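The structures come next, written out as structure tokens.
Presented sequentially are two complexes of chain A, the first with chain B as partner and the second with chain C.
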Partner chain A sequence: MFCRKCYAKLDPAEEFHRCPRCERGYDPTDRSTYLPRPFPGKLRIIWYVITTSIISLVAAYIIACFQLAGASGH
Partner chain B sequence: MAGDPKPQPLDYRSPAPEKLKYLEDAEARAWRYRRVLFRVGLFVLFAPFTLYFGPNLIKFGKLTYLSPADFVPYVQNSGVPIVRAIKEYQRDTGHFPNQIHDLQPKYLGSIPGYGADIENGQFVQWGQFEHMITYDFTPGIEGWTVSGPFAKGPIPLPPVTIGPAASK
Partner chain C sequence: MSESPRPFRYLADPVCITSLILYTINRYVLKPHHIGGWFTHGYLNDVLCLPLFVPMILYFQHIIGLRKGFEYPHVWEILQNFAAFTVIFQAVIPRFPKTFISAGDPYDIIAYLVGGVIAGFYWHRRAKHDEIDSRI
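Entry: the complex of A and B
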């Protein structure tokens, strides 16, 4: 059982169900509040792919603009 | 004083006691490396699009870099009619036109408004993306070439040919 935010190991035997590192709350009976392994869940992976795509697109546009400007001499 | 207890040396290198429980073991460290590898891998996966395919798509409307072959449609539409007119002028008059306006109105209906001219026995025309397209009339090396910031070299087109003069 691992924290969804900081991937710290969670101990359900503790009295307060909070991450010891980031203090994010979790419910040991609700699988959606923690991770089964310290790796991003499905939604976070999708989010990473989307943000990387956007960053990639913006970077490609900037590179293209610089190359066109360099070619035209402006 | 001689009887005072010796002070404990300060240990700055060890982690603070409250942080000790967060220290990661070998397995946690391995998972952290996997997470970093995943993020880096994602960027590596997108790198070809960011650095090559994306800029080409934005600049040229195609995924690969510009090549002389990409100028073929442009040359066929705008360059070939002018070169054909030059050759017809040369066939009929026996000499090369001094300027492109010499072709009007008999050999060429209209002259393009952008840079197209005759220089040093060559037809020169500005093409897409600020490239210069040249037609060399020299026998043996006759043909089209392009030079510019993105493409340079011979355009894969055969030399322009014209028929014999119409008999009167």
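Entry: the complex of A and C
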């Protein structure tokens, strides 16, 4: 059982169900509040790939616009 | 996971700084004086593209909280940016010749790849080296 936010190992035997590292709360009886493996979930990976791809595309477009201004000497 | 003693420093990374210096030399010395021929005129900037911009793009991701920590760029991050630059410069920009002054040159793709491979190789070596250092 691992934290959804920081992937720290969780101990459901503890009195307060909070991550020891980031203090995010979780419910041992609710599978959606923790991760079975110390690895991001599918949705988080998809979100990360899409967001970072958009950033890369926008950055490349900004560089192309900079080139349009004729300032880059490309 | 222990933090590397010499983590990836984003904009202060030697690859990024070296690329910036080479770009400036190319822009203001080599190109105007026609030194270096077809390579400096047509492809040096493309080779420098990923080594220069990957640290900048990852730094932006870092300051907005998307990229946590100071790990060296992963292979997939270099490939992602390679794909983004290839799509924008070789597929999108050439469709608007009246707006943009860039012409799609397939050899540019190889130049991006060469730059990405060289930078990726260096970052991979540094990451391995730092990992060994941290164990000692």
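The rule we apply is simple: the second predicted complex is superposed on the first by the 70 of 74 C-alpha atoms of A that agree within 3 Å, B and C clash if a C-alpha of one lies under 4 Å from a C-alpha of the other, contacts with A are read in each partner's own complex, and residues count from 1 in each chain.
Going forward, a residue touches a chain if its C-beta (ideal position, glycine included) is under 8 Å from a C-beta of that chain, and two chains touch if they have at least 3 such contacts.
Note that the coordinates shown come from a computational prediction; the quantities given were computed from them, not determined experimentally.
Colleague: Quick check for you: in the superposed arrangement, does A:67 touch first (chain B), second (chain C), both or neither?
Modeller: Both chain B and chain C are touched by A:67.
Colleague: A:59 contacts which: chain B (first), chain C (second), both, neither?
Modeller: It touches chain B and chain C both.
Colleague: State whether A:37 touches chain B only (first), chain C only (second), both chains, or neither.
Modeller: A:37 sits against chain B, while chain C stays out of touch.
Colleague: Going by the contact rule set out at the top, does A:20 touch chain B (first), chain C (second), both, or neither?
Modeller: first
Colleague: Using the touch criterion from the header, give the chain among chain B and chain C with more contacted residues in chain A.
Modeller: Of chain B and chain C, the partner in contact with more residues of chain A is B.
Colleague: Pick one for A:48: touches chain B only (first), chain C only (second), both, or neither.
Modeller: In the superposed model, A:48 contacts both chain B and chain C.
Colleague: Which chain A residues come up in both lists, the one for chain B and the one for chain C?
Modeller: 48-49, 52-53, 55-57, 59-61, 63-64, 67-68, 70, 72
Colleague: In their shared complex, at which residues does chain C touch chain A?
Modeller: The touching residues are 26-28, 31, 45, 53, 56-57, 60-61, 66-67, 77, 80-81, 83-85, 87-89, 92-93, 99-102.
Colleague: Report the residues of chain A in contact with chain C in the complex, numbered from low to high.
Modeller: 48-49, 51-53, 55-57, 59-61, 63-64, 67-68, 70, 72-74
Colleague: Of all residues in chain B, which touch chain A in the complex?
Modeller: So the residues of chain B touching chain A come out as 21-22, 28, 31-32, 34-35, 38-39, 42-43, 46, 49-51, 53-59, 129-130, 148-150.
Colleague: In their complex, what parts of chain A are in touch with chain B?
Modeller: Those in contact with chain B are residues 7-9, 20-21, 37-40, 45, 48-49, 52-53, 55-57, 59-61, 63-64, 67-68, 70-72.
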